[in-house]
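Below you'll find the structure I mean.
Letters are used for the chains, namely A, B, C and D, taken in the order the chains are written, and counting of residues starts over at 1 for each.
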């Protein structure tokens, strides 16, 4: 069974602290007056790191069979990634707005 | 059903490619599709935000951002306590597991209360699904209350689900696997918040 | 029996379907724009490639059905050479087609949508509403008055929500119900809608563009023939959708100037 | 480890009518329920299309009794333009959601997927039951739209905003009808999500001994992939519908831009965009097309093998590859529905390439089918005729895809009958042919009685010729710039085309009438047809090794079955030219 490789509870306390730190880091970043794109990029990267940790450790993805990971995660990410096709139109929305 | 039946039945089946329980797999699949649901809403909100010319940044550091951060910590902690519960369940310590699940539910409830408190503050300030006291695009309200509302629904239903499972586990009708499967859902609620917090709160902070 | 019948019927259907295409019994209306020919060429090329695949597919299917019925004593034969060559054939043939079409097509598309309008283009502002088009010319001052949605009022004929009292750019704006343009002169339309999504479609211009509320969508073209054609709405916009139309009047330059003078006159 | 799979389905056969036939947990009953619902829906949808066609051919023709359906929709039995649009909306929604999704995927899938993998039931029978009853509720809610105040919505099955999102002011049917539409579709999504969960889990976890993924029948593969697509596609439509409901009921403006003026009233919206709805909708909408057609791929491949008496060219692998490729592509191409809808011209080019690439797996699939007809001992029973019809129709419909996949040609054809012809051929008719093939092939197993072949053949010939008479001319109409969704043709360039519409109408009426033969055939067979043997088609897959037709409650009568090879061991010499999956022997060489 997969769960033998699983670390003890202390380890998860560590994970928990790390995640709180990331959330804190995000808050700190918010007030660094970074340029918009950098700020958004940084936030998203941090969010994905944090989410990844949640999936891999809190949700034990790391200790399940790799098949599960390689089936679910890439497909879901692929689908959501495809939605990025909407950005050109979002920008258009601002550029061609009637009441500019 | 009887273990013996389970045994005989299983021996005559192909192994699941994932080696996990069907209900756990189903939970994972549900999580995947729910992730797309949240994804779609977040994309939609960002689409309008990127396209908007008069976006407003309503969240002051105090109280909004602080409050949101506290909520984040609470939700993260609830995930940890949920894990503790699963650990206890795996160790076969029912009482301990139930206690931890209780704590998790409590934290979930606190999260919901804080959230609603914030909502009502904002209503008082004149925010609403289609109201924007700052005079900017009303989509902020729609997006904010829409997304957090969807998430809050998940939190509340998660608390209820935990309660049901805890009772069933206590009565012996459900086993440790049910606890683990439910924990997945709870962690997912946490997972979603990790995107809601930066995208909906921090990116709308008054800087 | 069934097989031969199927083969015959399928062949007849296929040839009949192809006949009407080849004979151009129903075909695109004659093109009157500078960008249209590229689109027509693209249409023809696609029609050739698609038509060949269509005939080949249907007729081969018919042939096999004719030939390989379940006759007593008939033996199973497998495709000579196995699947690999077939798959490769499919991928290569269609792949080439895909490449060819998308390369050629992108040119025709880009000519309309990804090139800016000529600098000397005549600018016409188009407002679509349930269920009519209205066209606005800038008038002598060459400037459009601002659109104020709150002022839009069909009853009083203020279709664009102009405010002549405070906005002198709006005073000489010419608002008409049909699009009148000079021939061989680039035209730049700014499409916007008052209520629903509408669509500006002139088959002869090979121009079809949705008119989305909240957006100002530019479209440019040059008409090469004088005459009168219909502008129709092709995006479902409500109960009157089917009768939402206007006319495109293409005039020789001098007549157009004439017309414009009259309009700004009264 | 396998004890973890010890699945729910060790339930005993239920007693009592309700548990047995209404709120049944048995996947076979649920499958039949879905099929029945689809059958009801398809005939409603067909009648609607009759009414529409009549109106298109003879706009001022009174249709007796129509005013009973809607007094103000058809005063004096003459259909009003807006009521035409309402019927069109209902037709589209019913057909796409309640027929093309329910019958091939939920219906036959529910019935045969567990049997074909050798399971006693779905992984989660309760979810399965819920899935059907939620769908059923969705159907009822949807049908209510016919009877509420101002009638059914008229925004089309795509419910484009703002027409669908600003409420009653935008047109008749937009007050209550559209809300019912949104609620119904949201419910439908929930039902399908439950279904998809079940399909995927069952396929992965409940395969009997020896039934490796590679040995699964192609129909099972198709249902599995469809479930994977549906799981994520419906998860996208659900929030879209919720946002639409928020817009309609709570005055948010996700899809409504600022400065909209309807009947001289400035609407209080700000900052939304209709394009957002189109993106969210079509991001579901295109996968939905594949949810409708991919089961057809599987069913046709499955039935074709049984009737050509030889394995599919390229074995199962190539076809599975095509299906999976289509599954992935379906998420990359939704923009081709929006080329002229204000989409960024650059993304139009971006979308058109994967759209054209779709033709590659489709072509390969067709080549595999046609190639396996070569050198076959083709049995021309009704089922196989419908398979061949499917291939022919799919070719015709796929071909016209070339034109709509390119922005440069789509700019002319976008909202014309060419599009109508395209998606009716490739999605509607092809999928329906798949359903018919499956019906004639599997009904003996599902109802335990044979259907009448002669009637079946009549049904096929009339339908096959009929659909070509209906939809082939629509291509020509499209080329002549005949705009779709017009309730009457008043434009100068459209009037000359009305005769073609009259022809199409007549063809549609006749083809529709031919479906009554099918209906009669089905009902006659159900009650008085000759008893069906266990394996009438000499087919090999597991559904034919069940001890009886219809199969007993646990499908295999408690017998533990083991699978030794894939489902297409045909083409042996001698009297018995096939080997069942459960038979250890290998197919005799010729």
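Rule of thumb we're sticking to: a contact is a pair of C-beta atoms (placed from the backbone, for glycine too) under 8 Å apart; a residue touches a chain by one contact, two chains touch by 3 or more.
In this text the structure is predicted, and so the values were computed from the model without any measurement.
By the count of C-beta pairs in contact, the leading chain pair is C-D. For the pair chain B and chain D, the distance between mean C-alpha positions equals 34 Å. Each chain gets a centre from the mean of its Cα atoms; for chain C and chain D, those two points are 29 Å apart. Rounded to whole angstrom, the centroid-to-centroid distance between chain A and chain C, based on C-alpha atoms, equals 42 Å. Chain centres here are Cα means. That of chain A falls 15 Å from that of chain B.
Those residues of chain D in touch with two or more other chains are numbered 1, 232, 257-259, 272-273, 275-276, 279, 283, 342, 346. Residue positions of chain C touching 2 or more other chains, listed in rising order: 214-215, 217. The residues of chain B that reach two or more other chains are 17-20, 25, 29, 32, 36, 40, 47-48, 51-52, listed in rising order. Chain pairs recorded as touching, per the definition above, are A-B, A-C, A-D, B-D, C-D.
Within the complex formed with chain D, the chain B residues making contact are 1, 3, 5-7, 9-26, 29-30, 32-34, 36-38, 40-41, 44, 47-48, 51-52, 54, 129-130, 137-139, 141-142, 146, 150, 177. Of all the residues in chain B, the ones that touch chain A in their complex are 17-20, 25, 28-29, 32, 35-36, 39-40, 43, 46-48, 50-53, 61, 65, 69, 72-73, 76-77, 79-80, 83-84, 87, 90, 184, 187-188, 190-191, 194-195, 197-199, 202-203, 205, 207.
Against chain B, in their complex, chain A makes its touches with residues 2-3, 9, 12-13, 16, 19-20, 23-24, 26-27, 29-31, 33, 39-40, 43-44, 46-47, 50-51, 54-55, 58-59, 64-65, 67-68, 71-72, 75-76, 79-80, 83, 86-87, 89-94, 97, 99-100.
Put simply, chain C touches chain A in their complex at residues 147, 192, 214-217. Partner chain D is touched in their complex by these residues of chain A: 1, 75-76, 78-79, 82-83, 85-86, 88-89, 91-93, 98-99.
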